[in-house]
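I have placed the structure first, in the form of structure tokens, so that the comments after it can refer back to it.
Chain IDs A, B, C, D, E and F follow the sequence of writing; residue 1 opens each chain.
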Amino acid sequence: MACAAGVWKLIRQPTFGVLARLSRVGKCQHTGVMTSAVTRKQFSSDPPEHISRYPIPYKKDLPYDIVELMVEVETKGGFLPNVFKVLSHRPSEFRAFFAYYNALMNKETGALTKADRELIVVATSIHNHCLYCVVSHSALHRIYSKNPTLADQVTVNYESAQLNPRERAMLDFALAICRSDTITDAHFQELEAHGFDREDAWDIAAIASFFAMSNRLAHLTDMRPNTEFYSMGRVPREKDKDKSKGEGDDKSQCKAD
Amino acid sequence: MACAAGVWKLIRQPTFGVLARLSRVGKCQHTGVMTSAVTRKQFSSDPPEHISRYPIPYKKDLPYDIVELMVEVETKGGFLPNVFKVLSHRPSEFRAFFAYYNALMNKETGALTKADRELIVVATSIHNHCLYCVVSHSALHRIYSKNPTLADQVTVNYESAQLNPRERAMLDFALAICRSDTITDAHFQELEAHGFDREDAWDIAAIASFFAMSNRLAHLTDMRPNTEFYSMGRVPREKDKDKSKGEGDDKSQCKAD
Amino acid sequence: MACAAGVWKLIRQPTFGVLARLSRVGKCQHTGVMTSAVTRKQFSSDPPEHISRYPIPYKKDLPYDIVELMVEVETKGGFLPNVFKVLSHRPSEFRAFFAYYNALMNKETGALTKADRELIVVATSIHNHCLYCVVSHSALHRIYSKNPTLADQVTVNYESAQLNPRERAMLDFALAICRSDTITDAHFQELEAHGFDREDAWDIAAIASFFAMSNRLAHLTDMRPNTEFYSMGRVPREKDKDKSKGEGDDKSQCKAD
Amino acid sequence: MACAAGVWKLIRQPTFGVLARLSRVGKCQHTGVMTSAVTRKQFSSDPPEHISRYPIPYKKDLPYDIVELMVEVETKGGFLPNVFKVLSHRPSEFRAFFAYYNALMNKETGALTKADRELIVVATSIHNHCLYCVVSHSALHRIYSKNPTLADQVTVNYESAQLNPRERAMLDFALAICRSDTITDAHFQELEAHGFDREDAWDIAAIASFFAMSNRLAHLTDMRPNTEFYSMGRVPREKDKDKSKGEGDDKSQCKAD
Amino acid sequence: MACAAGVWKLIRQPTFGVLARLSRVGKCQHTGVMTSAVTRKQFSSDPPEHISRYPIPYKKDLPYDIVELMVEVETKGGFLPNVFKVLSHRPSEFRAFFAYYNALMNKETGALTKADRELIVVATSIHNHCLYCVVSHSALHRIYSKNPTLADQVTVNYESAQLNPRERAMLDFALAICRSDTITDAHFQELEAHGFDREDAWDIAAIASFFAMSNRLAHLTDMRPNTEFYSMGRVPREKDKDKSKGEGDDKSQCKAD
Amino acid sequence: MACAAGVWKLIRQPTFGVLARLSRVGKCQHTGVMTSAVTRKQFSSDPPEHISRYPIPYKKDLPYDIVELMVEVETKGGFLPNVFKVLSHRPSEFRAFFAYYNALMNKETGALTKADRELIVVATSIHNHCLYCVVSHSALHRIYSKNPTLADQVTVNYESAQLNPRERAMLDFALAICRSDTITDAHFQELEAHGFDREDAWDIAAIASFFAMSNRLAHLTDMRPNTEFYSMGRVPREKDKDKSKGEGDDKSQCKAD
């Protein structure tokens, strides 16, 4: 049940999701009333596990809009991904970071599926040896794609992973951006040969670029992934095995609880 | 005079600057009335020079808040840096980008001077072979530092540039982040030995990380620097030679008109 | 005649089979009785899934000693790791390969635990981007160490993994060997400072060297890991949770069935 | 009992010893009679020259099968290559190593000549900066190929060496394996265009892989080549100049004595 | 006026230039009378600015032919490039260096323009991170080409610089030489496709090779560029703007005096 | 008139020719008498063996000073190293090249022995994969040092070669220059700790720099070493074995004829 909410669920639904509202960064006013129930469920209940080299602010010391987002994410997803806690050390950067994240990862248009986006993150983040991003976005890829092994394959070697040619072309381009290669018309022609137009190219490149930043922030802070991410999406739920009706692409698998 | 305002002037003054307002990304409503005079001064008057691989939107097709920012930047700085035009192709990303930029580059606290921030951008952007960022931020460094040669030295080889030990430690750390090295306590100790505390370390790293993203977006779009940037800040203005009173550190030099 | 078993015979020694025992890992229950039915259940019954670029011999075409080993490994371990099938394409090389493997990985003396050995394999195999070895030996590490996340951490970045200093020194040396660095006295001194003597150094280096070979054979054959390896050892068995008596270090965890 | 010889027995097969025959290379003449005097001339009679970082066992402390091999190799070849002494520190690994070596380097089938095999070893071992393997296998290449300069050329730069296209394709593939590149169909097509089928590809790759291991063991032990190897095969014997009948490809040239 | 002579002027005119005479290295006698006026204008008048890690000889301690050259260069060019001072520490090497420089950079035949030669120097020197050569030869390129931005573009990233295909092919080859790549027929074919014959290829390669040496000598000596080089050729002279008659390609622009 | 020999004259100085003496190396005996017959025996008499990608001029077409040098070198040394033939394609560059070579390699002062200089050439030329320079200067090192194996060791891996600490420090610095590293005070301190002063540092660096150029010219021309170089100095001459009087350090060993 909490399981059904899935962190990813939240991400998928920008219309009434919190992340979508995140993009109202700097918003002038808001009227949202936070129920006391939600308020009491704190994201800071975790043990003093090391998740960052920098201090994690107490909820009471954070701006209201950031707390509101965190509570909603945690409530719906079952746990709060550590990146929220770690980056809340710098509220103004937190807002810009998640606004950007939302603009790229929850974009509704273009040829990239949610699984595609996560695969780009995995392929580029392993290039940068970013523990947080590889582990957390591999989990998200397993959830979105229902493929429990492809992210691991891409982590080890995307060149030998079981990708279709379209995915391969997508990752080739993402890696060119990741390595800061000089991009030429040949790159775009290769993408077009696999059905990606110029706007899709921008999407791929912008995700690779954004995670070029994220990976480095994770190195700075020694950001550690939540334990949940390691096994999430690896084993099908019993319920899903019984009835494979799958109401939504992000609900059919779930971490065992 | 318009010259005196300088692009950088704008950046320096977040209190009533446009860039500061930029961080109101996603703002719910606004009441600003755009005068017709401002409207008529268009940033799109430049010839069809190649500045991006992607189309540059007509002003009339851009969201009001973006136009407002562009007009103000151009009016005050004398010209509109091409990054504004190029990224306006994606308004929501534009907003997040400049909100982030503002949070990092116009931050008022900490040990980093404006010249320091620009030097970090130059040193990391040359590592990524980013023409736009090296040329434009070398110009800004010359302006802020009043040192007409250091940015060029860092562009060629920061290890042999005439840096003081503090600047050298700052760039060593910025480059470690730029290369996506695993960051350890030893990095922080080295910084502390040169007067940078943990918050300064975050500032250095966040700038290096943000430009890891920016450099790659510039490669994607083949973003070209405005011609003005190449020579800006290289030769002292006559006026400045006569009276060296210098009302502000960012006004004393200017591109020749 | 028993003599005819040759190299292979050697592998099965230390009484009823070290390698076989190794492969019992992850198996939920077994009766120890090898029925003829089991014998008839052939390892070649798998669907024509792609596990190698080279043909997999039919059991009937393989030398007796190789078949004998395979049946025993499969019976005891629950599945036959694909490396056995793939390398059986060359029986004489198969025998030398597993004799070597056995001498290194099942060595009973020295400071290295079974988990240590697997961690060396993971750390060096990811350097070589070897899908088969990273995935299968990460599984073995999870089983032996009962640590469900460390192998994933090492896969992404052993420099930021939660290693103790002894493990870090061990992997630093393994990676020096893996990169074919020139080894100097300083390497041995560093190892000694963490409790590894010269014989342990040989063990570490020999494992790293052997997998330098294995990784490349996997690239040659496009060897694919059995699906079982991806999730093995990630989630504790119910039985283990109830009673943590642990009769053997390689039997206490198991893949969910 | 004969069974007791284990792996090692295997190596000596194809009747009186492939490895031993291999080591006859470079020997000017021999009578085939193993006098007791020769037997008494021990391989451990060499001065305490540094040939390994690890202790070299006394003959009396070595297993019988290993001594037997060493005596035969030394008797027939004129000297005992140091790799035998160095690896005898670990008898079980010694046996597996030479069983593997024998399976690859003395394989009687396929398109690779003995000189081809040695050239693969030289080209990959210089990539790994392995002194022992480059020097000793360059000597073997000179002997087998009767070409006194090609191995030196490959040592410096195989891309500019005087190779025919077939040899070039062979080394290109060997180096791809050596670098742990991801192997694709294109590699096999390139080989096929030069007359190498899939089994030849395996041979090339297995040799490159085996020496990926050997090179690293040589780094571990600081294994030093016998002085004889440096000049072996560089100058033709007088006898060979007079009558170029060449009874065998490995006997026609010899180090000057 | 002195300005009009420009250091580059000197270089351009080997017929009566000093550099051309330089190639008479080792000449047994000469009759040149040095006017007292020239003698009095000393190149050693600069402040004790750091320009080399090695001592700069006093003029009185230098061989006559070297002094003569320096005085002439300084008189005509307005300032003496520091490379003359720094290398005069070793007179015999000085003579060979400038004889070689003259043979390559002032060669009158072939397809390379003076601007082409300078561009090769810039592109290869930035690869070697040579401050002196990048800064000084970027200045010369601006002067010769009248293009105030191309050298800066090449410094950051020649792959994204606004080069025509001919220039791109020229720099591709220069960089292949610079990296010490093995040169093949394919390199020459690519050059021929852009109008460069084999002698032009030699010219390109010889310049790249000579600066491979120069760059390293600059690293040895920590050679610093004269301040004049940084801004030279960036801003058009007033006089040139008024009358664009341009009597010579190297006189139309000049450093401000 | 003799004066007309220019640069080249310089090379022949220190009385009857340092370079010529250098090339006497490896020659078994000579009478010192230059008969007209010898004069007529032209260096261009060699078969159309491939030694350069560029045409080798006929002697009759070469300037007198170049022919004079070649004849002397060939007469005294027994054969003419191919570099003389290959570079004579460009007489003015030929003169500067050998003037520079002479200034560096035949310098009479400082701490570097002739063998040291050759070792620097070998160590840096293998870094650049230059066949001509590695093979020819390995030969010269064997001659000068009377050590028949050290150059081969350095070719494979100078880090594991049997160097004394002084030689190791010398090559470490040479390689730093070779790689175009930024040189710092630490480099000089390391050298001083092994007895090299600043002038020795210049010597080491200048040789490494000069061969950075030479190696690249060899790549350009596909310059091939004379066959004599491969075996020169490997086997002691009979005469030398008998009487070890050694009149000169460059005459005591010789290629077998």
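Things worth noting here:
Please note the rule applied: a contact is a pair of C-beta atoms (placed from the backbone, for glycine too) under 8 Å apart; a residue touches a chain by one contact, two chains touch by 3 or more.
Just so we're on the same page, UniProt names per chain: A, B, C, D, E, F = Carboxymuconolactone decarboxylase-like domain-containing protein.
Computed from a prediction, not measured in an experiment: that's the story for all the values here.
Counted as hops between touching chains, the shortest connection from chain A to chain F is 2. Where touching is counted per the definition, the chains common to chain C and chain F are B, D. Distance from the centre of chain C peaks at E, each centre being the average of the chain's Cα atoms. Each chain's centre was taken as the mean of its CA atoms, and the one lying most distant from chain A is F. Counted by C-beta pairs in contact, the busier of D-F and B-C is D-F. The mean-CA centres of chain C and chain D are about 29 angstrom from one another, to the nearest whole unit.
Inter-chain spacing, taken between the CA centroids of chain B and chain D, is 61 Å.
Spacing of chain A relative to chain D, judged by their CA centroids, is 53 angstrom.
Multi-chain contact residues of chain B, defined as those touching 2 or more other chains: 129-130, 157, 159-160, 182, 219, 222. Taken as a contact graph, with one node per protein chain and an edge wherever two chains touch, the assembly fits none of the named shapes, being neither a line, a ring, a star nor a complete graph. The complete set of chain-chain contacts reads A-B, A-C, A-D, A-E, B-C, B-E, B-F, C-D, C-F, D-E, D-F, E-F.
The residues of chain B lying in touch with chain E in their complex are 126, 129-131, 134-135, 148-149, 152-153, 155-157, 159-161, 219, 222, 227, 230-231, 234-235, 256.
Remark: chain E residues 23-29, 53-54, 89-90, 92-93, 95-97, 99-100, 103-104, 128-130, 177-178, 180-183, 198, 201-202, 205-206, 208-210, 212-217, 219-220, 222 touch chain F in the complex. Per the touch definition, chain F reaches chain C in the complex via residues 157, 159-160.
Per the touch definition, chain B reaches chain C in the complex via residues 182.
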